[in-house]
Amino acid sequence: MTAVAAFVAWIGGAVILVADGRRGLALGLGLVTAAIAGLAFAAGQHAAAIAVLAGGAAAAALRLRSGPPGWGLTQPGSTPRIILAIVIGILALYFATSLSTGDGSPLRFAWLVVIALSAARLLDCEEPATALTAAATLALGIGAVASLPPAAAGLAAAIVAGLVAAGISALPEVRPHGA
Amino acid sequence: MTPPALLIPIVLPILGAAIAATAGRAGHGIARASASLGVWGAAVAVVAIWLPVRSTQEISLGQLGFGSPFDLRLDMIGLVFSLAVLIPAATLLTLQPRTWQENTVAGLGVAAAMAAIEAGGVLMTAVAGCTAATLVVIQLDVEDLRAPRPSWALLLAAWLALAWAGVVLQVVGGTAVYAAVPVSAMTVPVFALLAFASIFGGGLVPWRGWTSAIWSRTSLRAAGLAVATLQPLALYLFVRAYELGDGHYPQSWLNVVLAAWGVLVAFGAAARAQAATTRREYMAEVLPGLAGFALMALAVGSALGLIAALILTASTAIIVIGIALLPDRGGAPSLLVTAAAAGVPPGLVFGGRILGLGAAIEAGGAMGLVGLAGVATWLVAAAAAARSVGLPAGRGRSAVETLPRVAMMIGAAMLALGPALALAYLAASAAAADVMNVPALAQATGLGTIVTESTVVPVVSLLGPLLVVGAIALALSKRTGLTPRTGEPPPLFPLYAAQAAARIVNALRRAAVPSEYRSLFNPRALENVAAGGTPLLWLASIVALAIAVTR
Amino acid sequence: MEPELAVALPAAGAAFAVALRPRPRLALILGAVLGAGGVAAVLLATPGAASNLLGITLSLSAAGRSMLIVAAISLAFVVILAPVNAERSALLRWGLAGLAGMAGIAAAPTLEVSVLVLLALVVLQATVEGGRPHARRLRAPAFAVALIGLGLVFARMAGPPVLERLAAVGLVAGLTAALGALPYMHEFDADERTATSPIPWIAFVGPVLAIVVITRTHELVPSAAGAVGAMLIGLGLLNIVWGCVAAWRTELPGAAWRYSFIADWGLAMCGFGLGVAEGEAGALLILYAILLTRLPLYLWSRQPMRERAQTDRPVNLLVAAALAGSAPFAGFPARILLLRAATSVFWPFALVLAAALLLWIPSSLRLGRTMGMPKGRQMAGIAVALAFSLALGLYPQPLLLLAGR
Amino acid sequence: MTQALAAIATHALALVVYPGGITLALFGLAVETVWSRLSGGPQAMPRPSLAHPLIVQVAVALLAMLAAVEVAAPFNPVPPAERNLIIAAAALGFTAWAELALDPELVAHPGLLLIIQACWVLSVLGPAIEPETLRPQVLGNVLVPGLLPVKVACGFLYLLCLPALLRLWPVAPRADRRAHPRFNITRAFVWFPYCALFTTLFLPPQGEDVPGMLRFFGVTAAVAIVALVAAAALARRGADRARGLYSRAVPPYSALVLALVVVTLILTR
């Protein structure tokens, strides 16, 4: 179950990395939210799971309001991003399973892929909607790190993460006014 | 006097500066009066604080926060150096007109110098000394931005070096308070830092340092104050180094090296002076020369050497006034100030040099050779002084900032003060006793004579009659004996080393990356890459950091 | 409940200031009152005492509290003596938002929550209309958040020591990126408004963030303390050299000011990296000086820079002295503390540091000239900034005690 | 107080009468007259105005007096303990420069003169370094075998420098192109201190009696004669040879003497 959730997290992150349309971005954000909530649920952090789910779902829904229309999943020039998503997945798998020890490899994998893929997206986008989606995903990822074992912040961190993610998606798009 | 009174000599110049800054806009006269009164008040206060007790007074006002306690102390050494800074500063502030900004900065600079002298520890001396140096630079820039001034970086480096010496003392010895530092903490590296601070902070260098260069400024108002403030501070550090080492430097060879450096400084100044093309150029070398001799005497390591150094420092402090007030043209004022500074008998400088060089030769060994070099250097300086009489004036100074009569009186007084050498000796030996063990022989000197290891100098009985006879003979003599000069006298010897150094410096200044290689190093492109928010650079640097810490 | 109020009141002040934009005077008064309330809450807060009113444990460390107080003082006097071309209510609005965020970062129970608050601040700043594209303004600080996040992930992983070191890399690099120091410098447009430029990160929010991240890093990866110190010192030296030289040689005065902040941060990083009390005290002094002197002076230099007015009057030279870290200003005791720390740890580093300290002078002389010929409010502001620097330089003890040093 | 007054009186006596003022004037005028005859200058001594002497003469006379009281002349009222070699060296050194300042006509080739003066300082102070004393008569009394080479070398260097220091060499100042050297009153003042200082430094002190006094003045006169003879020989060889000797021979010899001083210093420690 947790392994599936971790895989879904990677898929969601990869979609955010690849997608350029509002639907694609919302889908990715939704998948990441679902994965993290699932992991939290599996770890017995039910309240945290609900908080992340609420925040993430709101963020995904709000994302559908603005940004370039459509899915924009296989735009020309997206191949390098697909490869990058795969490379990040493999590296995350190495760190989560081979290098680190103990239980919870799926959890670690999910943390790594969500944060790394959203960071990669942040570095490679010009569109405000895309950047804000990546930032919201980042918030959910960090919230997951804080709310799931062995961290102590628990519910509070999950609530803050959910609020931040939703808040980010709620923000209007800004265009430069020229210096 | 209660210990808090020790704050008065620092506070009064600040007060004067504050009044100069606030009321100065109304008229420069008010600024001049307040600034000079503040400094005069500090001079009076220092004497008034010390006289009733005639022993060291201390006050501790708690911690400052950077490892240094706010300790103030006034001992006899402090008194001597305070007066060496305050009297010339006060006189120049009184006699020379300045804008209110210059008066304000000058007053603050003097206050900082006082704080450096009264500081109870190395760190506070460093902070106050650096403040004084900063204000001197500002003062020089306010007077004339394009004129030569000491390198700010060099001065900051000097005082940072002293601060570093202070922290090393704290780390090694647990404290940087002069009176409490264990002798074992005063190591060669600490002394090296202290020497660096002193040499570069006070421009005590054999080449043409800032103390010479600033005399090529059009106006010499700020230059006089700069030297009067910073040069005594530099020598003060070497004196305190004796206290830190319980009367000694960490190694005896350091004394020899430092004394040799002092002679080099004096020789460098004398060599440049004998090749000067104008009287202004000659005057620029007088103070470095005096400081070099003071440094040599100070470094001898004996009580007599230290006493001689203190006498020479005090003499220099008076001569600074004369030089700063002297017009560029020749005549009796110039002749008298030059003679006094050159150490013509029976002047006070003559007495100080006799004692200093005598101390070096009596020390024997390598120090004796340094003393021998010192005597030779003295004669080079005398030759330069003689030649300077025939030099053209050089760039003229504004008449309002020169007072030839006062300068002449100072020159004459310095020549006539020779017989008072014994008194100066008594005062200086009392001061020297604060930092090293002064032999009973040196202390038990009567008013008339000075007893050294091998001789007795009959100051009053020899120099007194010489002064009287000289005065009578000069009064009777025929002034028309002065031969009119024909053209600029040639230098006594050419300065090959200086010419070579100048060539090298120019070559270095002209050095540039050859055009065909410039594309390899393009600062603009480098800046664009670094500041352009380039993700590739970010990722590369993360990888680099990861490799660096995980290998 | 002080920590909660310390976050909530400035946040409310900022919110009111935004809501009342059409009525700037009212916005200013309300914002000021609520901001003052927030500062009062910070002042009343006991360092280390936890409060759990909202189900989340908040507490302020001594160092964080002192930095918040100093930041509030800086904001107050920048608003009171605001540059002629700046709107007071706008300054207060953004200042209070920053202050609320800083309080949140400082009071948060874990680094994750601090980072989430930082992310919120990052996104909020990027939302303001600015000269640069939104995604570009978001890129560097959000990337910093991601790096810290990755560092946290590695810190949470059990396994070989290399993981802790990787965590240290993430945390230190993330902090550097959040500040916008080398090699993670944010894109900079000299003509951009200060509020939307990278300056608030390096000059206003940065100090509190640095204290929090460095303190938490030592707790999270204790065995990697050496690696953290080495990275901080290495990056610190890099920033000192680059910042000083670039501030001296770069074309635009605005960029020169930005590089000068970077150089100061280099010193602070070295201080934190040395890992001894004196080094940290020196770093704190540098950060106080950034907040109380360099940032306000930068704000007052912007108008003359636009007018291309450069002079060398006494006040310009005094500003140069203050910026160069010359005595009697704040930089000098900070340098003394750093030298002491370096001497007690590894004396050759003190030699390198001492040499590097001289690099400040040429750039500071240049920056001093950019103040132009200050008059009226600008002159008063510069005088207050210099007075703060002087007070810090002569008697830093009270602020260091406030920071628990 | 009485002691102080007595000391002042004796030192004043020493400065003005013996071995200072009058003594050095008489000695100097006598030797200068001989030199004037030898060099074919004016036979009659010019009459300087004692009421209004030239300032340069006053300055040189004062410095010469100060130097003269430091010599170990028998019956010198200045007690032996109160004599100081550096005072003598400095005062004598200043005489040349007082002339350059006040009457440049008197000083030929000041640069070369400066070099010779430096060599002379070495010859005067070189022997004082190892014994670590500044009392002239003590140095004269030093007969330790280990120190004799330095003493002899320095004595010879002193004699070599003397003709140049006294401007007896055939090198005329730029401004003074007379066919025959003039009767030089300022030089007359420095004959005695230069020669008596040699006697003091390099020969054992004489007894405080008439024969001792005669011996002292005899030796001092002999030193003056040596200087005169050397000067006459130089005059015969011409100015270029003289310049060559003092620029190419004396400085290297001085370097050797300095090396000898250093070596002696090392060996005796």
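Order of writing sets the chain letters: A, B, C and D. Residues in each chain are counted from 1.
Heads up, the rule we're going with is that a contact is a pair of C-beta atoms (placed from the backbone, for glycine too) under 8 Å apart; a residue touches a chain by one contact, two chains touch by 3 or more.
Predicted, not measured: the structure shown is a model, and the values here were computed from it.
When the interfaces A-C and B-D are ranked by how many C-beta pairs touch across them, B-D comes first. Ranking all chains by how far their C-alpha centres lie from the centre of subunit D, first place goes to A.
The centroid of the Cα atoms in subunit A and the matching centroid in subunit C are 30 Å apart.
Averaged C-alpha coordinates put the centre of subunit A at 101 Å from the centre of subunit D. A straight line joining the Cα centres of subunit B and subunit D is 36 Å long.
Spacing of subunit B relative to subunit C, judged by their CA centroids, is 41 angstrom.
For subunit B, residues touching at least two other chains, in rising order: 535, 538. Chain contacts: subunit D has no residue touching two or more partner chains.
Chain contacts: subunit A has residues 123 touching two or more partner chains.
The touching residues of subunit D, counted against subunit B in their complex, run 4, 7-8, 10-12, 15-16, 21, 49, 51-58, 61-63, 65-66, 69, 78-79, 81-84, 86-87, 89-91, 93-94, 96-105, 110-111, 114-115, 117-118, 121-122, 125-126, 128-130, 132-135, 138, 175, 261-262, 265, 269. Remark: subunit C residues 55-57, 109-110, 112-113, 115-117, 119-120, 122-124, 126-136, 138-139, 142-143, 145-147, 149-150, 152-154, 156-160, 162-163, 189, 191-192 touch subunit A in the complex. The part of subunit A that touches subunit C in the complex is made up of residues 95-96, 99-102, 108, 111-112, 115-116, 118-119, 122-123, 125-128, 130-132, 134-135, 138-139, 141-143, 145-146, 150-153, 155-157, 159-161, 164, 167-168, 171-179.
Subunit C makes touch with subunit B in their complex at residues 136, 139-140, 143, 147, 162, 165-166, 168-169, 172-173, 177, 182-188, 224, 227, 230-231, 234, 242, 246, 249-250, 255, 278, 281, 285, 312-314, 317-318, 321, 324, 326-328, 332-337, 339-340, 343-344, 347, 350, 354, 357-358, 361-362, 365, 393-400.
Chain contact summary for the complex, subunit B toward subunit D: residues 274, 335, 343-346, 350, 353-354, 357-358, 361-366, 368-369, 371-372, 375-376, 378-380, 382-383, 385-387, 389-390, 447-449, 452-458, 460-462, 464-466, 468-470, 473-474, 476-479, 481-483, 485-486, 489-493.
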